[in-house]
Amino acid sequence: MNANLEPMVKFESVTKRYGPLTVLDDLNLEIRRGEKVAIIGPSGSGKTTVLRMLMTLERIDGGVIWVDGEPLTHVQRGSGMAPADPKHLRRVRAKIGMVFQHFNLFPHMNALANCIEAPVTVLGMKKREAEERAAELLDMVGLADKKGHYPAQLSGGQQQRVAIARALAMRPKVMLFDEVTSALDPELCGEVLQVIRKLGSEHDLTMLMVTHQMGFAKEFADRVCFFYRGKICEQGEPQQLFSAPQNERTRQFLRAVMDAV
Amino acid sequence: MGIPSLAAMLIAAMIAVAVLGSGENAIFMPGLLEGLWLTLRITVAGAVLAVVMALVAALAKLYGPKPVRWLAIAYIEFFRGTSALVQLFWLFFVLPDFGILMEPFTVAVVTLGLNVGAYGAEVVRGAIQGVTRGQWEATTALNMTRVQALRRIILPQALVAMIPPWGNLLIDLLKTTALVSTITMSDLTFKARTLNDATLKTIQIFTLAFLMYLIVSLAITIGMRYLDRMAVRGMVRGRGGA
Amino acid sequence: MIWDWNYTLAILPDLARAAIVTVEATFISFFFAAILGLALAILRMRGGVVGWVTSALIETIRSTPLLIQIFFIFFVLPRYGVALDAFTAGIIALSLHYGCYCSEVYRAGIEAVPRGQWEACIALNVSGWNTFKNIVLPQAIPPIVPVLGNYLVALFKDTPLLSAIAVLELVQTAKILGSENFRYTEPMTVVGVTFLILSLISSAGIRWVEKRLNRRSLR
């Protein structure tokens, strides 16, 4: 019972700098188990960096990220924190999965092979078992008949759905979605969002998504965070944030986004 | 040039050899073909060494610890910066002074392999670095180790990308084998020269030798084009996304 | 096996003379190669039979050993009444061989100029030749200068092949000195080091030229 009270992901005073530019400034953010959080904001606000640091694709310049009660890139030593060794890092990182804006499928493998590669190589799963699980996942994302297809033979929406199945094959506890529909033609977004919706309702996943799909965020997310210049400007339940934003900047952003529709 | 044009040239060259090498010129053919055989053996052996050296040096330069990296860089810069003929002469004339005696065939293969291998290392490095960053990030997201990522995801894609440049390097290797005639190895060029000295049928002999080199060269080029075509089947080179 | 410094110093004057021959051969050949390359590139772009034949010629020369081509020009041409001394024959062979490489470089540079430039000239009723001369070529050349530079270095490293027809360049001179004095180590090593240093300097120089060119164009 205690475990349920601890946040699944916690950013504790996290800072990220690129040279003289501070991209994330003393960020404090807690995400509960099973919570679905949408991160919105203008470009350069640091929202993608949040995901990338959690996935250890970027280094942290200050603060600590906690995942499932443990620090991600540090280990506790005595009263302080020391940088984590690779073994610890990989162990904690295993709980996180990510879907990318540009899919990043392995082009020399078909859909099924993409989904079994990591389970076999990293988890040591038997090939037969991995293939069965991958087939299930591809079926869940609606691509059972495309198992043998190569990425070049699939549409953008189909590729992204394979990417989701691939990430799920590693049984992560946290799923990160980095603008996963931004590279898709508008008519292909729906199929991907549908899969994400399904994931949200059928699985117990903690989901963190950077998105420009305001409509989807409003209907799907438990909480929306509006980022501005490296800080959380405003956050709250989607109903409240979208219809009655309290911060002027939030209002400006939402107005600009809605105007563009 | 497209494959059909290359194939047309290849067939034309083969017909020319058949025509030129018949009748009174037929006596040159055995000697020239013997030389060609040695040329081919040196080319193949040199190619194997070159590929191995290229892979080792490129991986060392990209991922090795500092001293290994420096060694790889020194190897690459040295063999690319000096002339193949100078390298050949040095290994052939100077090494014996140091007490290292090697058969001419070994000298030839080692020199050419190391020389082309140095150029090959840059080709390999370029191909590995050409694989999009997104592929590396996907492997991190799937919690693969660096070695697993290199072996299963990055290198396979790099190997496809490096086929065309390697085709050019193999041709260069073939052309460079002609240099071994200057250290008295009986390759095609050497045979052509000795036959010329003996019979002074200069035009026929050198034309035949020239055509034979051309035939092997075109065969390599066409072969590599097919290899490239097969490797790309179904796959968009190096990218798994939009 | 100890290095003989006295011997080294003694042979330096001969090697210096040979170096001049090497440098002469390099620059004269490259001059002609650069011009020939442009001519071949233009011929190739013509299309039709002329274009195909030029392509085949370029492909043939690039696919066969430079050494054989040197022998061809030195040994075969006299059969047709054209007697050449070794140095001239060497220059011709190098110019021809590297002219073909340069033609590919020019072709790449010309094809890299956006189609729109040609189309704008058609709209302005500028003749094809003037378009090429005044608009396309000036845009095509700067990006490919570094690549041409690389071929200059490659040509320089191929001058030792002229030793096969006894041109008194660096390697041939080293061989003669070595056989005269029964010691190859010093002359060969000095020559090898000379090539290495000159080629490293040239490569650095080309990279510098490349940087400067990149700074000027806003690409």
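Each chain gets a letter, A, B and C, in the order it is written, and its residues are counted from 1.
By our rule, a residue touches a chain if its C-beta (ideal position, glycine included) is under 8 Å from a C-beta of that chain, and two chains touch if they have at least 3 such contacts.
Predicted model only: the values in this text are computed from it and were never measured.
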item: Touch-based graph of the chains, sorted into line, ring, star, complete or other; value: line
item: Chain separated most widely from subunit C, comparing mean CA positions; value: A
item: Innermost chain, where centres are averages of C-alpha coordinates; value: B
item: Separation of subunit B from subunit C, taking each centre as the mean of its C-alpha atoms, in whole Å; value: 21
item: Between subunit B and subunit A, distance of the C-alpha-averaged centres to the nearest whole Å; value: 46
item: Whole-Å gap separating subunit A and subunit C, where each centre is the average of the chain's CA atoms; value: 55
item: Subunit B residues within the subunit C interface of the complex; value: 1, 5-6, 9, 77-78, 81-87, 89-90, 93-94, 97-99, 171, 174-179, 181-182, 189, 192-193, 196, 202-203, 206-207, 209-210, 213-214, 217-218, 221
item: Sites on subunit A touched by subunit B in the complex; value: 55-57, 90, 93-94, 96-98, 100, 102-108, 117-118, 121-122, 150-153, 156, 159, 166-167, 170, 183-184
item: Residue ranges of subunit C in contact with subunit B within the complex; value: 1, 52, 55-56, 59-60, 62-69, 71-72, 75-76, 79, 157-161, 163-164, 171, 174-175, 178, 183-185, 188-189, 191-192, 195-196, 199-200, 203
item: Residues of subunit B touching subunit A in the complex; value: 132, 134-135, 137-138, 140-145, 148, 152-153, 156-157, 160, 234-242
